[in-house]
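Two complexes are shown next, each including subunit A; its partner changes from subunit B in the first to subunit C in the second.
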Partner chain A sequence: MDERSVGIVETQYFTCCEPPHELTLKCKEKLGPITVAYETYGVLNKEKSNAILILHALTGDAHAAGYHKGSETPGWWDSMIGPGKAFDTNKYFVICSNVLGSCKGTTGPVTINLNTGKPYGLSFPVVTIRDMVVVQKLLIDHLGIKKLLCAAGGSMGGMQALKWSVLYPDALESAIVIATNYRHSAQQIAFHEVARNAIMADPDWQNGDYYGKSVPARGLAVARMIGHITYMSDHSMEEKFGRKVIDTERLGYDFSTHFEVANYLKYRGDSFVQRFDANSWLYMSKACDHFDLASDRKLIDAFAGVKSKFLVVSFTSDWLYPPTQTKQIVKALKANSLDVTDIGINSKYGHDAFLVEVDNQSKAILHFVDRVAKEAGIVNGK
Partner chain B sequence: MENNPLRLDFKIILDMVKPGATVLDLGCGDGDLMYLLKDQKQCRVTGIELDEKLIYQCIEKGLSVNHGDIDTELTDFSDKRFDYVILNESLQQVYYPKQVILESFRIGKKVIVGIPNFCSLEARLQIMFNGRVPVTKELPFEWFDTPNLRFLSIKDFRDFCDENKIRILKEKGIAKNQVINRFKNLLALNCIFLLEK
Partner chain C sequence: MDERSVGIVETQYFTCCEPPHELTLKCKEKLGPITVAYETYGVLNKEKSNAILILHALTGDAHAAGYHKGSETPGWWDSMIGPGKAFDTNKYFVICSNVLGSCKGTTGPVTINLNTGKPYGLSFPVVTIRDMVVVQKLLIDHLGIKKLLCAAGGSMGGMQALKWSVLYPDALESAIVIATNYRHSAQQIAFHEVARNAIMADPDWQNGDYYGKSVPARGLAVARMIGHITYMSDHSMEEKFGRKVIDTERLGYDFSTHFEVANYLKYRGDSFVQRFDANSWLYMSKACDHFDLASDRKLIDAFAGVKSKFLVVSFTSDWLYPPTQTKQIVKALKANSLDVTDIGINSKYGHDAFLVEVDNQSKAILHFVDRVAKEAGIVNGK
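Right, the complex of A and B next:
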């Protein structure tokens, strides 16, 4: 473990919205109690003004940095969170919570419904990005934080950061919005739809009622394979696999030979099944598809009343959330005379770049956060 | 000019800008001018820059900056949003200079333009006696490798302002870190204009 790691960390839990104080969701249904899994790194200052909320993507979790006891795998954004890193835990108090509807400790379809004694499954209400953010705000309130210094995330995490800025303008000093869109496009919805179809077509899915039986592993693995294709770029796939075939010199004219890329996708698909719930995948993907910050108004109007400062990041080879879409966000923020910095980072890694382009992303984030903190009167986290 | 502790063009621009103003710097480079405006004149500044490497330098200086092309980035700003729009050493590098200047007047109350003078004495002598496109210390680029798309003189720019009903409020010629007051189109290597429309 290097000295720039936050070290051994533990997931914590917070429960809210106990009946009869259930949370009314966007879909008008009520939900409670809600348990939120979260982790924190660094120290909250006396004024509670140095908190940064990290927002995870579709299949992420609360374990963003450091190591769980006995594990050798660090958190999903460990390269960005820690002493001296982009989100510097020497100065800032970093929080990451698992989103509502996920399966990583926060209440979701896999959770036991107290009324029935069985997992919610498809009876779990359809959650939205807004609902995720509302639950995060409850956690922030619980931690006694009135205003976040920053909310930051990529992909679905970027959508949450945008929603934070709109929903709680007075509780957010700044937002870092990475590789995302202000609303899911037809193409983005289409990829999700194909993946959902893969899950739902699996006979083991059983309309979502598969808990305690065999899980729809085939369907979920295929869903993940589709996802992986969209997260990479033509270039990064070519570089990593090319046309290499496995265990043979030449291509055989039957279906027994596998291209290396096929093997990789299969491996990623199969390992995903071990760590993620198929129903949760359906809910998470639907939440992204429903996301439309502008809705029936202009995007410019959607940002009216927003007060945060923004850092908006895109990656040149990201064809799932292309820089042109990210720029729409920047344009609308600029039209509202908001303080916005944006950068299109040159990268060959496609959408995955937000997880792997550490150096350049860190440079931008580190100094942006320091500037925002300074302007808020916080120096060295104090 | 690049190595001077405080570039004379920066000093001239700083003198032109009122303290506390809102400023947009087009082609802001590494953010040095923006930093000075923020630090010394308490301005609220933002910039636009095309080069990714320079964007990091701006952010490092604690500045707000947009990564993009001057030719297309201006349409997003609302009318008269800035007190000053600055185009220092960047106008000659844009595809549509007229449009950029007119857009700058839409979003800014005043516009500051700094241009290199392509018709300085040295340049004229090189054309006359070498029969070649001039390459000087201020215009160091060969024809095949230059960011400059537009070649103009101080007089050309005055004519442009005249034709487009732009008033020149101030005009400062510069050569080798000195202000040039006479025969500017011949002696000045750069010129900075404070403009109003």
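Right, the complex of A and C next:
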């Protein structure tokens, strides 16, 4: 554990929306109770004005930084959260919660439906990015925070950051929006659709009713493999694997795994099955596909009531959420005379860059957050 | 039927490599007999010097132009082959054969193995681009053609054209190499690998032994859906589908097909199952993945003995076989002082452009073929 780690952390739980106070979701269905898994790092100041909400991507969780007791694997954005890091826990109170519909502690399809005594499965209502954000707001209220200093995330996390700025303009000082789109494009929907088809084509999926039986492991692995290709760039894949084979003695004249890139994807697919629920993958991917901040208005109008300051980050080799898409966000924000910092980071790592390009991203984020804090009258987190 | 159609055509068959004269494949296994399905359009001149061999892509077939009796669907490259078209059947004798290992009339995994009385299935040897070309050469020999005026193809067809130039330098006047790579990159292998995994994950696949039973329809459909995403550009997908939904009354808060792009991919996936064999897909994709013209030497050395003239075509929005890759081919050919015409066509259609960008492609091909013919002493096909 390095000295800039937040150390040993524990996931906490918050339950709300207990019947008869269920939450009405965007799909009009009611849901409750809702439990939210979350973690916090650093100290909330007296004014409760130094809180930063970290928003995770498709398959992320509340464990963004530090270590769970007995584990040697740090949180998913540990390189960015800690003392002296991009999100500096010496100054700021950092919160990360698992999104609604996921399978990492927050209520989702894997949760027991109290009315039936069985996991929701596909009877769980289809959630949207809006619903995730509404539940996050309930958590923030519960923590007594009136206004977040910042909401920050990449990919699906970036969608949530955008939605925060639109839904709660008075509760958000700033948003950091990384490697994302203001609405899913046809190609982005298409990749998700094929992956969902792979899961639903697995006979073990059983229309989502597989809990306690065989999980749709083959379908979910294929879905994850598709994802991994889109997360890497052509360049980084070529550099990492090229045409290397796993066994130079074999010539590969059969259909077993031959190339290293295939071996890697298979490994990532198979290990994903151990840590993620297939139904949750369906719900998370669908939430992204439904996301459309503009809907039937112009994007510029969608940002009309927004008050936050923005840092928008894109990566040159990200072909899944290419810089041309974040440029549209930047353009619409600027057209609303908002305070926007637009950073394009030169990277070979594709969409994965938001997880691995630590140095350049950290510089931009550190500078932005400190500036926003200072302008809000917060110095050194106080 | 337009006046520039080659009209009604019929697939012909040629059988060779009858035991004990089996063909030794690159994997060292012997195969025979081998039947080749092929079609021809136009007239072979007296000197047999005006023949052009068309090479099809992954899921193509011998039916490149004209109409089969009773069918209203023309051949797959009908827009490019016919009287006055890119490959002008008023002047040239055009041949197209189905490749070895496919399922469209040429011997492949779906063929009955005469030794067992059952379809080969996965006991069919793994074929390579080289093997496909060797079988094409046997067909050309059978037709009494000593030297092809041209071998032309896109995608996997382009790989075959390159291989022709290396394997049979004295039997090839020119090659037209479209939207391809001289060896499959890690990303290209990765997309194929995931698609193969989708097929092999389908319980109906049964290790390839599914003939006469249920075909692995779900797996093959997913494989095809992945393919279709890579064949289109982000731009063309956005323009064609955007976020359009199939039923505006429904809000899509479930996991049935909602977006038009999803509906399209599902349709293409399902209809593909009706026309293509899952095992053949495995063999075709593997042949592409194995393809490496340079292997352990430099690409420049791979072209050392080559004598053909080249037309190399790429499309700006083709992200599956991007122009940067064809540029490497062009560079290596030029370093060998070969006669190379390098055309980059501005297109929004992605990899599909080689099938749909008829005008610009036709101009370049018409001009190139006529020039090569003239230099070979052939005028107006004579």
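Here is the rule we use: the second predicted complex is superposed on the first by the 376 of 382 C-alpha atoms of A that agree within 3 Å, B and C clash if a C-alpha of one lies under 4 Å from a C-alpha of the other, contacts with A are read in each partner's own complex, and residues count from 1 in each chain.
We adopt the following convention: a contact is a pair of C-beta atoms (placed from the backbone, for glycine too) under 8 Å apart; a residue touches a chain by one contact, two chains touch by 3 or more.
This structure is a prediction, so every number in the text was calculated from the model and none was measured.
Novice: Just subunit B (first), just subunit C (second), both, or neither: which does A:Val126 touch?
Specialist: second
Novice: In the superposed arrangement, which partner chain does A:Ile112 touch: subunit B (first), subunit C (second), both, or neither?
Specialist: neither
Novice: Subunit A residues in contact: does subunit B have more, or subunit C?
Specialist: Higher number of touched subunit A residues: C.
Novice: Touch check for A:Leu282: first (subunit B), second (subunit C), both, or neither?
Specialist: second
Novice: Report for A:Arg371: first if it touches subunit B alone, second if subunit C alone, otherwise both or neither.
Specialist: first
Novice: Is A:Val340 touching the first partner subunit B, the second partner subunit C, both, or neither of them?
Specialist: first
Novice: When the two structures are overlaid on chain A, which partner does A:Ile189 contact: first (subunit B), second (subunit C), both, or neither?
Specialist: second
Novice: Which parts of subunit A are in contact with subunit B and also with subunit C?
Specialist: Correct list for subunit A: none, the interfaces share no residue.
Novice: Which residues, counting only subunit B, touch subunit A once they are in their complex?
Specialist: 46, 52, 55-56, 58-60, 62-68, 76-78, 81
Novice: Residues of subunit C touching subunit A in their complex?
Specialist: The touching residues are 27, 29, 122, 125-126, 183-187, 189-191, 193-194, 196-198, 200-203, 218-219, 221-222, 225-226, 229, 232, 234, 237-238, 240-243, 251-255, 258-259, 261-262, 265-266, 269, 282, 286, 289-290, 292, 319, 322.
Novice: Would you mind writing out the residues of subunit A in touch with subunit B in their complex?
Specialist: That would be residues 309, 311, 327, 330-332, 334-335, 337, 339-346, 360, 363-364, 367-368, 370-371, 374 of subunit A.
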